[in-house]
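Handing you this structure, nothing more for now.
Chain lettering (A, B, C and D) follows the sequence in which the chains are written, and residue indices restart at 1 in each chain.
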């Protein structure tokens, strides 16, 4: 039945939203997680401005690729159009997260990419975490939320969205994605930790540079390459 | 009955004071929240120097606009006159909070306004968070607590207290306000987070400047303007 | 009965030691609190190197002014002689605390006094929090622990120990004291918060200077002077 | 029976791994603890990539000195060969820990040893905490994990592994060791605190230098020398 798979997705998205709170990535109503049913092209996302403690699975809002609400009476997150742009352009992803987590947002506000300063970073992303350009006045006056998504796509023209599942939107904050809502939240937690350690590292040694590509590749491929050997055999 | 509405306000102010503790904005007896009954011109505020764990709703103290205690045997917060000045000059507010929260107080001690470095800030205030002048010796020798309120009013001569519901008192700490005690506490939590992110941002990039006005307006109006579209329809 | 008052003091010292743990000022066996029975000239202090979770009130060790153990089979804290020196020279104190709390210890390691940058500081101490000289080789080879106490006394020659109930021992960490063990712990919590805010303030504005004496006096006397008006009437 | 002692070790290693989580040194599956049965030359270590909340004592993996799995169907931690190198070269140790704890990893990423800036440090290590050289491309292409161990051994050629039970691997993170898994975890907690305080100290006073050797020796020997007098008599 149609609603069965969407109901399941709503529960998944609901739990992923609560996990944002459990991991201390959000205060009050900040942040939102979405998931997608690729066959039906239906996106499920947190409602706008509802406190986490009042959320229920059935409050999650279903929208199509044009941001039309498909069921219920709640308004979807005000960032929904950014999520939609990411789902359209990154075909293998199944979940998207936006937060204002403290350290990642501070790098975004500083308009700086997060340098790759250690193997912890290389375990999850094989390059710097990029930072978008500042949004133009024209984009602000146009469809601002959709343009935020377009900026991210622009930033990834020379980047693999699968090998770097995270981005900083300049003057705003981070977005992450993954194969499902859980993995997207997982990467938001990791990003915050990478952002914090990069911050501290730069304070200890302002002249530090990115680690060499051979070391990045070693670690990235250990977890993600064809010959990955981290974790248990599947 | 007269006491009914005041009793209700006392409970509201009591719970808002506890929330300061829950949100880790205060240690020991630091901090205080008040609320006002505009019709009766009665202000209800935390008693002075009582530990949060010993507080009860009926310990809250009622005072008039001249700081006369109207009931009970407790002394009101030593900062009460500052609250009164704010209620007198900011006619639409219903609650005031004072804390020594770590990051906001550090900006106040640094005698610097908090720059508007990102959309998180612009979601809540459409300008920098201003910092007052250092209080003069004449003011210190006069009615110090009332003069602290006067300094805040002076600082807001060219500011909208409704569009920037927070201030730093130089060498002292922050005050916030809102339509009721709960909202005033809400802004204290937000201010502390803005202060922390602005701190980190400046450490990452000391040359960063305030975001452009078009981006501030976009975010501020998204939540507060006539065409606000954040949250659920009321 | 003699043991009654000492048993009571042991429970007080025991609970004050646990409070250090509750307030996150210590890891593992770091830190120690003592109390004194002035009439009997008996000091009660935490045993050396016992984890907080294994402590019982009866494990507290009683010593005289020459560090002779008066009862039980436990060794007193290795810092006991420093406490004894403080009790001898600061006649009105009833409790002493030593911690390695993170921010206060960092100022001590930096060999810098904590500047008085705001009213939060002035509420508790009417000057900078002083930092001792680095201990001399001669003192290290002599009775090191007692000499640590002597350094503190030396540092307070031109300071009032009652108006500044805290000190940093250079390259080592903080000591605080008060009218009883509870108040000494209270000042350790306050010191850590002052140390953290002074750190952040200096990072935001490296050119900041101590607040003016008139403002310090206003706040200090509000809480401690003859005309103190903070708190409830006693 | 053979399995009795190994089963006991597995429980010990399991509990030490959970302690990493309790002490907030790890996120998700980061980090690993091992222990050794010196008589049987069997090492017990956490399985690779299993979340802490799903671990059971019997999931711990037994390996020999050539990293052959001796029982069960789980893969050992991907860092096992580094642990093995340490057990081979440091004959008196019984436990090894690897984490990506925030402050220690930031020093490792900054490629800087942690200076000895206070007595807290000297209580646990009688020199700076060394940082290895960056691993060479040749080592990366060879047996990377084993070479990480070799780098540590190289770094300790002029260091006592017993007097400094911790190291930073450049661009990577810390390793610690001790007489058993518990003590190795203990030193990871201490290292993180030393790393944090050294960071803060350098921010407060960038010109600070290591404390003098006489003070280091005094504190180190107080806890570890022949005439150690810290703690209770054994």
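Here is the rule we go by: a residue touches a chain if its C-beta (ideal position, glycine included) is under 8 Å from a C-beta of that chain, and two chains touch if they have at least 3 such contacts.
Since the model is a prediction, treat every value here as computed from it, not as a measurement.
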Exercise for the section: Tell me whether chain A and chain D, two copies of the same sequence, contact each other through the same residue numbers or different ones, using over half shared as the line for same. Expected result: different
Handout entry: Chain centre separation (chain C, chain D; CA means) in Å
Key = 33
Problem - Distance between chain centroids, defined by C-alpha means - chain B, chain D (Å) - result: 47
Exercise for the section: Could you check chain A for residues that touch two or more other chains and list them? Expected result: 203
Handout entry: Category of the chain touch graph - line, ring, star, complete, other
Key = ring
Completion exercise
Interface with chain B, chain A side, in the complex: residues 27-30, 47-50, 74-75, 78, 100, 102-103, 105-112, 134-135, 137, 140-141, 144, 171-173, 199, 202-203
Practice task
Mind listing the chain C positions that touch chain B in their complex?
Solution key: 117-120, 186, 189-190, 193, 196-198, 200-201, 203-205, 208, 211-212, 214-215, 218, 222, 229-233
